[in-house]
């Protein structure tokens, strides 16, 4: 099933082995090592890095959700920011109006996300491909409108301030605590997505993505699986939005622009469509990108010169990088990684020998 | 002393075509077509015949097919990686197997769309009306949308549109597909007549070997992407393998058992 | 009555922008989501040509429009052409990325402030009265007239001209078109040029009417549902779609809530797509061949 060349010696003899998440010893060690490093990081790194890492984890949740929907189920969505906003606003509104605790707001955010997933997933049953992508754009504007309405009607013209959530009676304010919480959330999301993909749902989505008509003739309930993808993806994203609201302590409609949707799509493109690891890599890249730009700009130009231009430079650089990836490596960073793997595994051959239909 | 043979019109030299960087569709194809000949490419499904014609005409980016080795020369000029419109303007016109006509345009529009080497409006109009002489069936259908034509009419339109491009070499892919034998026979006759009238060279790809062998001068048999036989039409018709596998005649005049057939296939392993 | 005039003007704006989307989609099956930013770029280029040809407004406008033709062709030749054969989504995302890039570049070069190209060109805007007490500005009226002229020419070109027919053929069956001698890359570049040109007309006229800022790209984006409602490969559909979307928008903004202006086009789109997934006048996409 895998298109990558594999080192020999790992033969699978039953379905259980085919489905395991960590099939090789190397994979198990790698994951263990990564976990160790990630858990050790907050003890060693500066607060800035810890905050950066927390942002990456938040982005990873959204990216994984989008990868599930677009990369695996093949339903293009350009409305991701709308879902994040929906989750964030749900948390904000429930907090402001009802002083609801985190155990109510986050599930509520998930429910709102799921509802939006159904509403915006329904068009996908009639409409396909690029037409669908455009209708998901509506999600951005709709949520922005509703959020803006709430802000103006209730007088929070600059945004809603949200208190940190309290766990076991204590407010979570420590950056390191947030780091661990968000890391746990990201890992949980990763496990959830990996399991969904290992199960029947994953196979159904692969079939739908490859050819919807054929999937239907094979008896796959295309409509229900499409909606499932939308619902799960949207619920996850809304939860990410809710977490974002708590982490930043602030919700405002300006933070959730069309550009944010584009950034999430860029995450899955740059990471590599059809790969969970790609979602993680893409989230990492896109989250760190503005900081890299800012740092290089600071090195080149005096701060006063670029103060007003920072966002524009970010946008220009971001657009350029996205174009470069789409033109040169449409399979994203994972594609680059696989090419590297192939190179070493196939050496001294350059290509897999093209044996064709030799019957 | 015989006069030296004229240089062949089309020469393929060890052509190799790969799909999606993974599947070799054609390997080691070498053939030549002399001007004025009718050449047939025979073979069963999936042998690579259509791929061969499309390689000669040129792949467009949408196919993800590549010529990875070998060369194609037309009138002495290399055209190996030429885009379809370039080879068409050079004189190689393909009548494809699928997507032969512009279904949403009328017959008249289908005939005015092709690009021909510019020779003035009068010449263009003359050429367009000439095809109606070759295919009188199309004349009353000028304003009909091409998608609504019958199979035979559509094939006629496809060939007619190809002729408007003023080809020197016409490649016809699977003429007989989906058409009644009477229609196919009629079309083939027309093609031969057109060949003589316009001094064309024809390369015909066909699964229906019996039909083709009656029309062509020279033929190539393709199997699994390689040429396994070539010769004049008469030689091919007599060849026991062709008779067995493409004309359905067994040597002993009786049905062979599967085991014998398998053995026979093993004997032919040196082909591929 | 003023409402009707507003509807007319907004319809004209959306229609003029929408025909750009339709041109590119019909000929090369690509969604150009950078159209809004490209027309914004053309309007900014007018600022530049205005300073080059100070005192010659006609020349400046013509130069800006000419540049837009060039920009359109270049975007195809240097960007989209490399993506032939990749999935359609990659092409769309490339245009999205281009849009983001252009937004950044226009702010860097011209700053994010509202600009008024009419000023350096020495052109003034005046409103004239219409029967019923409504008023329309000069440039808005010009825009309506331009939209009509553009649509008439495009209809004539695509339906009657030989190269228009070839463009339609290339949109339907690109491989066959190439096999019949049509240079696909040239046709696509032409479609992109024409599309950017019509967008530039809209951008320039809007800029002369009410100024130029980053929000112009959003108008471009709102015209997209108008094109889709009518059917992305139908010019007549673009006109119809623009009328529907513009009417809905003007009415709802007036009677319900001004903040709805960005959402309405997309809501209309979703409703229409649920009823007719290919737009009102679009050709039904061929069934997937299995």
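Chains here go by letter, A, B and C, matching the order in which they are written, and residues are numbered from 1 within each.
Please note the rule applied: a residue touches a chain if its C-beta (ideal position, glycine included) is under 8 Å from a C-beta of that chain, and two chains touch if they have at least 3 such contacts.
Quick caveat, the model's predicted, so the values are computed rather than measured.
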Farthest chain (mean CA position) relative to chain C: B
Chain pair with the greatest number of C-beta contact pairs: A-C
Separation of mean Cα positions, chain C and chain A [Å, integer]: 32
Chain A and chain B, separation of their C-alpha mean positions in angstrom: 50
Computed distance of Cα centres, chain C from chain B, in Å: 44
Residues on chain B engaged by chain C in the complex (per definition of touch): 57-58, 60-64, 83-85, 88-89, 93-94, 96, 99-105, 109, 112-116, 161-162, 165
Residues of chain C that touch chain B when the two form their complex: 84-85, 162, 165-166, 168-169, 172-184, 283
Chain C residues touching chain A - in the complex, by the definition given at the top: 31, 79, 82-83, 86, 88-90, 92-94, 96-105, 107-108, 111-112, 221, 224-225, 228, 232, 257, 259-260, 262-263, 266-267, 269-270, 273-274, 277-278, 287-288, 290
Residues of chain A touching chain C in the complex: 76, 78, 122-123, 126-131, 133-135, 137-138, 141-142, 144-145, 148-149, 152, 211-214, 217, 258-259, 262, 265-266, 269, 308-309, 311-320, 322-323, 326-327, 330
